[in-house]
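Two complexes come next, and they have one chain in common, chain A, joined by chain B in the first and chain C in the second.
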Partner chain A sequence: MSALSLGASRTRPAPAPRRGARARRIRAALAFYGFISPWLVGTILLTAFPVGYAVYISFTDWNGMTSFMPWVGLDNYRQVLTSSDTLSALSKTLVLAAIIVPVSILGSLALAVLLNKRMHGRTVMRTLIYLPAVVPPVAAALIWKVIFDKNSGAANRILALLHLNAVSWLTGQMAFVAMIIVLVWAIGSGIIINLAALQTVPAEQLEAAKMDGAGPLTTFRHVTLPAISPILLFQTVLVTITTLQTFIPAILLSPISDSSVVTNIQPANDVYMVDVYEQYFDYSRYGLGSAMIVVFFVVILALTALIFKFLGRSVFYAVDPTEGRS
Partner chain B sequence: MGFSRTLSRRSVLRGAGALAGSTAALPLLSACGGQVGTSSASAKVQAVKPGTITIMSPTGEITDDLVKGFEQAYPQLKVTQINTDATRLNAMLAAGNPPDVVRDAGTDVTPYIASQGLALNLDAYFEQSSVFHDADIMPVNNVWKWDGTQQGTGSRYGIAKDWSQDAMWWYDTQLWANAGLAARRPTDPITYAELLDAAKAMTKSSGGKTSMYGLWYVTPDIDRIAAMVATAGGKIISDDLATVDFSSPEAQQALAWIVQAGKQGLGYSVANPSPDWDGPEMFAGKQATACQGYWYTGFTETTAPGFESKLQFNAAPLLGSTRISPTFGAVGFWIPAKAKNPGASFAWLEWYCGGAGAKQRISAGDGLPSVHSLLSVLPQRNDFERAVIATQNNELDYIKVVQVASPYALNTAINTTLAKDFPQAITGSLSVGQLADLLTTDVNAVLAAGKKALGK
Partner chain C sequence: MSVHEISAETAAAPTPEQPQAPAGPRPGPIRRRRERHPVAFVVLVVASVLITLPFVELLINALTPSSDIGADRWLPSAFRWANFTDALHYIPYLSLARNSLVLSSLFGVLTTFSSALTGYGFARLHGPGKKILFGVLVMTMMVPPIVTLIPTYLLFSLYNLVGTYWPWVFWGAAGTPYTIFLYRQFFSSLPKELEEAAILDGAGRIRIFCQIFLPLSRPLLVTAFVLAFNAVWGDFIGPDLFLNSSNTTLAVGISSGYDNTAGYPVYNLLAAGALLYIVPVVVLFLFAQRSYVRGFASSGLK
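On to the complex of A and B.
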């Protein structure tokens, strides 16, 4: 840029730059809306609209087929909060989460630590342990169903070799145990996340701990664990939410028949989302089912908030997570 | 920046949420004015319009050959099939864009689809039909009738494609004889008590495993229970179809039988469900009996050729002394009230259930026809088929519509409730009397909720 032009711009500062700045702002805004519009349209049509619709339905007694939608106010919510069936399903779901979340988090962390050690066949072991995570949930549930078959399954054959009586894995209270086994079996993805987290632990800190005479347990407790704690918090939230929403194993571990699938779900596996499914598609009570979904959303939100409140304190962030907040 | 102050990212998102919410409310406002009818007047007959008809039916049931045959008979029509899916059907009905034809079980759905104005009243179509004549239509199709208060009389809302008397049963003659049981006359009904004894003799268990079940898969479905109770002169559902009562002596007798069969492990039960249905289990040599109707003839011949030489087809068992042998399905088709081309839809019903398509299927032994005139094409090519036909012909005298369906809930809802309660009596400590009370309370709650949802 020449001195002359610089001088000219100094003497005539007014309209042209304002127009230019305004044009830039408009261009920036158009670019912003252009880029977010696919997401925005998708969110409105596929998330906000269905959610709004479901909330509306929760105040009606709609049967899902006719155009008749009697307004019932808070009746459905009252039923959700007082129905012994729903509360029983909710308690089963919470028990399931109380078992699955710690077992999955601690199990995947322990296996990740083992697989992080230098040893022969490490890659093969990592592949084998991760394999269940890439098996589609439907296929996994069906494989386990064959394994747990009372009369011809592998599980009872092993028991027979040990001279033990056959167990009816898929019925009664054992159906709940079978579902837990299926859910825990697929902890491979947690292992991979933990393995990735373990790679991020600064080598110099581990080295320093070693030089200071810290043993493996002390190093793990005071160096490794704080370093990977944000990942563990993320996993805890994720596993809690997915476990609370358990549905596929409950459905697919149930024996089939020529009648409805749901009628064969064992009472022990009648978890919350199964109850919701029944209300929608067996009982045609779309209003009640929607109210159950809304209540469940609040429960999940509250649990997530509790996890953040109590576990968040123990999380060590290398970068201040509040940085940049006004 | 001025632009971002007036329309920030956050305000865009807030606006998007509000827009979505208000959009969600629009169709609902119009929906609120809807009414539920209790029955509908006969529809005016519409001619077949050229185009495509969409049939909702289980994948593979209507073969390509049959579709081709129909399209040759009606060159102006094309058939598109969509798989049976209750969720999708509900969505299509609610959106006012239903399939042109829906495959369903007449015993289970007629009161519901007719009373809620979902199904087209087909009286006028049947009156002008050149394929269906009142005298020729078999009585089983009465399950597709609804008069506003009762199933079995009134207007027609559908027709069976093929059907069976589903309380009839089959046994493996070798296993029967090996258990030391005397061969039975197929047309003489066995009692449920005798059946339990026979099943006990054929069941083989060891080490907690059962290698042979003497009895079929006993599911506590409302239509099976109602059929058992009907043979003892009782009934489950009230005259106004709004309540049930399982506490009568006849009903408790039926419940006791189902509980005993489950408790003793004589057959798969709701507490020990089968990995499959009767057919595959029987052909695999794991089950000695099957509670299936006539349609099992063709199924056995095509699925397990040779197995039929061991089978005997028998009259429906009795709990009491009244011979009643109902159908649990009368599976066929209904036409949604908002179908776009009802003339073409009815053409499908005529061709598939009474015309050339029906003839082709019925001659394969896959079920009984909807019309008397097609009874003659039932296959009688060998001793097995002739024996089956003899038993079946005798049983036709005992067909009766046993009222089980209600306009206030689909049978799926009732069966789900029964399946939840029964295990408490089979594996738990619930007595039959307590089970009867629990079933009555729980099913009545389902019916009451359905009634309330209809604003009644």
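On to the complex of A and C.
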């Protein structure tokens, strides 16, 4: 990169004649819109329009088949917010996120900090720890389904070694624990971003802290953590959003699979997304399903805002990311 | 510590120094020794082993003969490699794999290029409404896919595109918000002089993009492609909803394909099929790993 900037000329472009300025601005705007047009058109057609459509459907009692969409006003929303099934699915999903997000963020941060030290086998260990993040969710769920099988799975064989009774992992309340284990397995998914972030911590500052007699923990807290805090915030938001949408482990961990999407879900794994699918595809209640989606979106936005409010305060922006690093 | 190690670490240090310079006596000494971190090492080894064990268990299951299923033993009486060929025939594995490959590559190429274009636009060009549009981009990162999936299904079915690969073409062409964001960060970090000189030479924006910026972003291109490929290779809901049994992908195929008539999974074949399904993405990742890691590093994610 430095070689290229050396090659570039130091002189500023010659000031253009005045009457050309307006035309140049228009040309620049055209170039900007030209470059972003695939995304812009795609977002209007494939995001904005569907979101608007979902909001419209949520005010109807549509069954997905008739061309007539009976308008029911806020009925669906009333039902979403009062149905005990939906609310328990929502609280289950929030509990799941409350467990997964801290474990995943802190776990991958800790692993990245350890991997950032120079030692033998570092590259191999980094690859192994990251690997579950590459494994497709369907495969991850199936791997653990084999392990958690009541009769032949490795999980119960380990319990037997410890002289503990066999557990029915995939049914009842344990199904929720099984789902958590599947999600925690990918704890290393953040280490690559974290390692990249740790590399950007200014070496002079780490040195200065050491010269001042700061221990490793103090240095981490006052130098490293502030420097990587924007990335941690970004990750927290992403992991929260992804975890709230957990769906595949919930349906694929069920001991019997069935072609109809959600008939065999364990009640313990009846997370919000599963509920939405049930409304759409088992009961053809498109209106109610859409209302659930809209409510869910609002919950996600609110949570994101909360995360920004409470964690964003402690985020430390050293430099404007668009400016060069000093 | 050997001289080789010292010089290797010096090369990685931000300020170049003579390789022979003894570590230590300079003002503000930077430790150049390969330090020992026994605790960190042990923790990492334990974590690596724990995380890797499920893969080992999957392999063992994939090699277990049917007669050993349910037996209380850690290793099967014999390794049955034919499970893999059986897994390939239990479901139409190869045609499912081809569908996955076509769909993932198609989407990967399109979205990588389209995201680069948009990222460049946001990083280096100016137009009215840019700030608002960038806000929209960040917002769309937070829209759960399910919000748009079902209305999009209705939209595509209106044009008879359900059951075809066209939705992935449109999704790909629209770019991926997260990837656009990475590109925008990366392109913003490049010096202004890069295009100023080219503009003086009379180069157009498209040429500047294709000949200067795109080649510079190569690690990020790899990162973007791997992310996109893996996303489609692993996607279950998309093909489950938009495709039918004749053209669906492996993710859907293996999720319920290895059940016996009673609806219970045939564990050894399921394991073999799942293992074969994982191999391509793991190999792709291992091959691309260096660029992939650099792609994240270079975007200076903030």
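Please note the rule applied: the second predicted complex is superposed on the first by the 289 of 326 C-alpha atoms of A that agree within 3 Å, B and C clash if a C-alpha of one lies under 4 Å from a C-alpha of the other, contacts with A are read in each partner's own complex, and residues count from 1 in each chain.
The criterion applied here is as follows: a contact is a pair of C-beta atoms (placed from the backbone, for glycine too) under 8 Å apart; a residue touches a chain by one contact, two chains touch by 3 or more.
Predicted model only: the values in this text are computed from it and were never measured.
Chemist: Looking at A:32 after the superposition, I want to know if it touches chain B, chain C, both of them or none. Which is it: first, second, both, neither?
Modeler: In the superposition, A:32 touches chain B and chain C alike.
Chemist: Can A:53 be said to touch chain B (first), chain C (second), both, or neither?
Modeler: Once the two structures are laid over each other on A, A:53 reaches both partners.
Chemist: What's your read, chain B or chain C touching more residues of chain A?
Modeler: Counting contacted residues of chain A, the larger count belongs to C.
Chemist: Quick one: classify A:70 as touching chain B (first), chain C (second), both or neither.
Modeler: After superposition on chain A, A:70 lies in contact with chain B alone.
Chemist: Using the touch definition from the top, say if A:278 reaches chain B (first), chain C (second), both or neither.
Modeler: first
Chemist: If we overlay the two complexes on their shared chain A, which of chain B and chain C does A:102 touch? Say first, second, both or neither.
Modeler: neither
Chemist: When the two structures are overlaid on chain A, which partner does A:172 contact: first (chain B), second (chain C), both, or neither?
Modeler: A:172: touches chain B, not chain C.
Chemist: Who does A:216 touch here: chain B (first), chain C (second), both, or neither?
Modeler: After superposing on A, A:216 lies clear of both chain B and chain C.
Chemist: Is A:20 touching anything from chain B or chain C once the two structures are fitted on A? First, second, both or neither.
Modeler: neither
Chemist: Have a look at where A:151 lands relative to chain B and chain C in the superposition and call it first, second, both or neither.
Modeler: both
Chemist: Kindly list the residues of chain A that each of chain B and chain C touches, one partner per complex.
Modeler: 29, 32-33, 36, 40, 43, 45, 47, 49-51, 53, 145, 149, 151, 160, 255-259, 280
Chemist: Under the stated contact criterion, what part of chain C meets chain A in this complex?
Modeler: Touching chain A: residues 9, 13-14, 28, 30, 34-37, 40-41, 43-45, 47-48, 51-52, 54-55, 57-58, 61, 69-72, 74, 114-115, 117-118, 120-122, 125-128, 130, 133, 136-137, 140-152, 154-155, 170-171, 173-175, 180, 185, 188-191, 193-194, 196-197, 199-200, 205, 209, 216, 230, 233-234, 236-237, 240, 251, 254-256, 259, 263-265, 267, 270-271, 274, 277-278, 281-282, 285-286, 289, 292-293, 296-297, 300-302 of chain C.
Chemist: Can you list the chain B residues touching chain A in their complex?
Modeler: Residue list for chain B touching chain A: 1-4, 7, 9, 12, 16-17, 19-21, 23-25, 28, 30-36, 86-87, 89-91, 93-94, 96, 116-118, 207-211, 217, 219, 221, 268, 270-277, 286, 409-410, 412-413, 415-416, 418-420, 423, 427, 446, 449-450, 452-455.
Chemist: Which of the residues in chain A come into contact with chain B in the complex?
Modeler: By the definition above, chain A touches chain B via 25-26, 29, 32-33, 36, 40, 43-45, 47-53, 56, 61-71, 145, 149-151, 156, 160, 165-168, 170-172, 254-260, 262-264, 266-267, 270, 278, 280-285, 287.
Chemist: Considering only the defined contacts, which chain A positions touch chain C in the complex?
Modeler: Contact set of chain A toward chain C: 1, 4-5, 7-10, 12-13, 28-36, 38-43, 45-47, 49-51, 53-54, 57, 111, 114-115, 117-121, 124-125, 127-129, 131-132, 134-139, 142-147, 149, 151-152, 154, 157, 160, 185, 187-188, 192-193, 195-197, 199-200, 203-204, 207, 211, 230-231, 234, 237-238, 241, 244-245, 247-248, 252, 255-259, 261, 273, 276, 280, 286, 289-290, 293-294, 296-297, 300-301, 304, 317, 321-322, 324.
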